[in-house]
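The following blocks contain the structures, represented as structure tokens.
Okay, so subunit A shows up in both of these, paired with subunit B first and subunit C after.
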Partner chain A sequence: MNYTALSLSQTPPLSVPLRFFLTAPLFLAAAALLLLINADALTVGRWSPTMLALTHLVTLGFLGMVMVGAIQQLLPVLIGVPLTYPRLTSTLLHLLMAAGILLLVTGMALTSLFLLQLGSALLLPALLGFILLVWYTLWRSPSTHATVGAMALALFALLVLGGIALWVMLQGGWHLPLAHPLTRLHIGWGGLGWIGALLIGVSYQVVPMFQITPEYPLRVRRWLTLLLAGVLLLWSASALFIPSVTWLAEFALAGLVLLFAVQTLWLQQQRKRRLADVTFDFWRLAMGSLILAVVTWLLGQWFNWPQLGLVTGVLFLLGFATSAINGMLYKIVPFLVWLHLNNRVQSSGGWQGSIPNMKQIIPVVATRRQYQLHSAALLLLLLAVGVEIVPVVRIAAGLWLISALYLGWNLLQGMRCYQHYLRQVGQG
Partner chain B sequence: MEQILDVSALAAPEPLLRAVDVIKGLPQGDYLRFRHRMKPCRLYDVLKESGLEWETRQGEVVECELFIWHAGDRVAEEAARAAAAKLEPWQD
Partner chain C sequence: MSYSNPMANDHHHCDELFAAAEQVVEGGEWLRASESHRRFIEAMRHHLEAEEQLLFPAFEAASGMTQGPTSVMRHEHEQMRGLFAQMDQAVAAQSGDDYLGASETLLILMQQHNAKEEQILYPMLDQMLAPQADELLPQLAERIDSAGV
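After this line comes the complex of A and B, so read on.
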């Protein structure tokens, strides 16, 4: 293959997204460790301090970290406008987020008012600054790309869910647990607005690009996130002012989520090359889990089994969001390593050796093993929630912990591969 | 003259590499008809920096088609624009 220098003018330095991607699995491992130590937390219900800390380790620590890193990587490429001071911004943001999340979840787990306030004081300005910076960048760009619209909605949702969290905390004098009526809105905007919209937007890029499928249909790209935004607003308004009709908006939201999952599975069936691919499997697991999450949510509307809420939560957060992001990382990290490596080598006047291909940057066998661990952890965790037997929870948490650490290790191999080859060409 | 490059069955980063390779050897008077299953966001930067111009269209055979020519190459531009005009403009 004749490698050619590719333009990186809109691409931020590799360290910008990678610092977020490499930190994220540590938070996932921390969540698993917390469950391993407090295995009875799953049988106590959703509103215990441990469950709150665990949920936020996953949503803020793992999903949030990756998503903030991915926005910084994707946005400049999609809209052709780089973020201002990318290295400084990402360093500050990463430090504030990592410290803020750590303090916040520790405050939740220990019900420490001081740590909760300190964590919020670091996290909220960091996220607010990030949202404003990205919006300013979007404002400077004429791009109407569907992914950009989805990102704008996701950031708006982040603002709403952060605002609700702050308001509830201030109203309640920073006391936990927070089974407040507004918490439902916080979860809805977090799950469907922030996580959902961003994953939908990113999937418009990564599914066709890496899974060799056709593009999402124009109608879906154009209307899905707009409808999602509209229905989320209607749902919030009805929850606040006309609670009797909230169910209508909730069913509409469930329909939109189902549409996305089924559309993605259908596209995957249309893929042009049917080669074994671990990202493909992660995404199939993610979409299957999303459909099941809608089913268990629907069942929860008729059956009063308290564990159904937890099953839906595990399916959505671990089965859908974590699986999709885990699979995506196995394409994005090797791709970025390859892209930057290719350019560094070419800019130094070429090199006689060969640049590793994407499958060599993170070994396929290792990613496949981690997929098996992740799937087993998910299945056991669902079983553990159902049977409520503490030893089963411990085994599930143990598998989850190994899977999260393995993910971190695999991503680290990508970074080490980059440094190794740079040293070989005398640039390291 | 029209040169066709269909990368619709290739995964990233192959489409980008193939496009760059063909573009490097694109002679005056020729334009490249680039067929892909998606809008190639990363390619636009390369085209801009290489002094190339293009039009993006909804494809017939595949989802997206780009018509690419050297800036200032009137012959190629005319032929590329005429071929592109037969397809619908790209819609994000």
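After this line comes the complex of A and C, so read on.
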């Protein structure tokens, strides 16, 4: 064990995670806006430039931004090892990612070769550097908690999915081959490896924390992400070499996902803390959506209704991943604002009693309203995909846009509260 | 023989008292709320003091580190005490909103603190303070509330 690397404080400067958290909702809003403008995109199926851009605005722009920001916050705090040059790393990473994603996604929507290449040139080195940095940090960690393994797997998946994307583009001469055979692998590693494993690893920590539930069973913590990694590898190998048995691995993956969702709901059912809590509601919506996503995926194996794929996508990305992350942000952001205010005031010998509490930093009423908007948008989007009527898509996209902007506004209130308080006590 | 087990159990014991206090406060029965809050604070006080007066000094002596992890843990204990005071005031003023706002903040502070202790610090104690276990563990049991539970 390396004791000297350990200090257990090392909470990075507030700007390190916050710049990612505050930018992310803008990408989510951009996705909603894109759908509002091209409302017929949902009705023409998955494989269009608009859908490609929309999906990546959600996965890279919203989910990716928050996840990269959150990892920089979590590593030093929960894993016990500080990042080197946190401010410089986060500034560079944020700039490269934000610009890279914007260019890449615009390139997708307009099928512009130049923008695709430019976006990739910014994004790929940034993510590769990030992966290596985090692996190095995890390797130095004294913690043996299952979250460490889950994070390492998530980053491996990010490497694989980025590698596949690059390979497909290079092979196709940067002309987007939308329904390339390798696209399935890209989606699988992205959805289950990168997003799935990271959210599983974070759940091990935050589900027992936020609602005071029992821990995930040791067996689950020890085996779930290992199995996920193993089956993803088998699945990829079979897809490339023996396609006739791919279905077996796919059913195993669905089973693992289902196990995680049901286990989480079961733990939350035994929660000691039973107060109304918006993060909890977001998480129940997330786990319910994940279970439904497995169901619609299963149905898609038997029924040849092309919209089922889209329904599964909406359930997984918007219902599961976006909801879970949206809910967590309402705990992480106000807490970090409080923590940094407290540290500032304490180190200057001031009185801590006047520091606003978490429920004052981001008002609960506002978070509750945003939750209702998000749920309504999700429901309506699912309906819209099903009925394929353009005006319904428009209304759903409009609600989604308002919800995303509201999320951004609420998070911004947290930061403004921070600045306002520091000015008030003469430290701003 | 470990420090991790009794200390982690005591975290869970405090968590239960915490959840119970919040529940009663939300119900607005202030007589019961005040009693429930007092029980929680009492258990926390014993837990924090057992660490500050017994386990941390032993760790600091064994490792030679006084500015390391224990100083950060002590700092977070002070932040918790600041929130205890806000919750005390909220009970006195019978303000549910103030209490539940402070308790929400305390929950996250306390949980991430506990996670660091259980995942990193206590395993270190188990290793470094193994030779003194016969002497320290009975003293620990006397100080924390959940020892007999």
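Convention: the second predicted complex is superposed on the first by the 415 of 428 C-alpha atoms of A that agree within 3 Å, B and C clash if a C-alpha of one lies under 4 Å from a C-alpha of the other, contacts with A are read in each partner's own complex, and residues count from 1 in each chain.
Throughout what follows, a residue touches a chain if its C-beta (ideal position, glycine included) is under 8 Å from a C-beta of that chain, and two chains touch if they have at least 3 such contacts.
Computed from a predicted model, the values in this text were never measured in an experiment.
Using the contact criterion defined above for the overlaid structures, shared-chain residue A:L78 touches subunit B and also reaches subunit C. By the touch criterion defined above, A:Q346 lies against subunit C but remains apart from subunit B after alignment on the C-alpha atoms of chain A. When both complexes are overlaid on chain A, the residue A:Q117 reaches neither subunit B nor subunit C. Contacts of A:R221 after superposition: subunit B is touched, whereas subunit C is not reached. Of the two partner chains, subunit C is the only one that A:P142 touches; subunit B does not reach it. By the touch criterion stated above, A:T91 is placed in contact with neither subunit B nor subunit C. Overlap of the subunit B and subunit C interfaces on subunit A comprises residues 1, 3, 6-7, 9, 77-78, 80, 143-145, 205, 208-210, 212, 272-273, 331, 335, 338-339, 358.
In the complex of the two chains, the subunit B residues touching subunit A come out as 8-13, 16-17, 20-21, 24, 37-39, 41-42, 44-46, 48-49, 63-64, 91-92. Residues of subunit A touching subunit C in their complex: 1, 3, 6-9, 77-78, 80, 142-145, 205, 208-210, 212, 272-275, 331, 334-335, 338-339, 342, 346, 352-353, 357-360. On the side of subunit A, the complex with subunit B involves touching residues 1-4, 6-7, 9-10, 77-78, 80, 143-146, 205, 208-215, 218, 221-222, 272-273, 331, 335, 338-339, 358. Interface residues of subunit C, counted against subunit A in their complex, comprise 15-16, 18-19, 22-23, 26, 63, 65, 68-69, 72-73, 75, 78-79, 82, 85-86, 89, 97-98, 100-102, 104-105, 107-109, 111-112, 115-116, 119-121, 123-124, 127.
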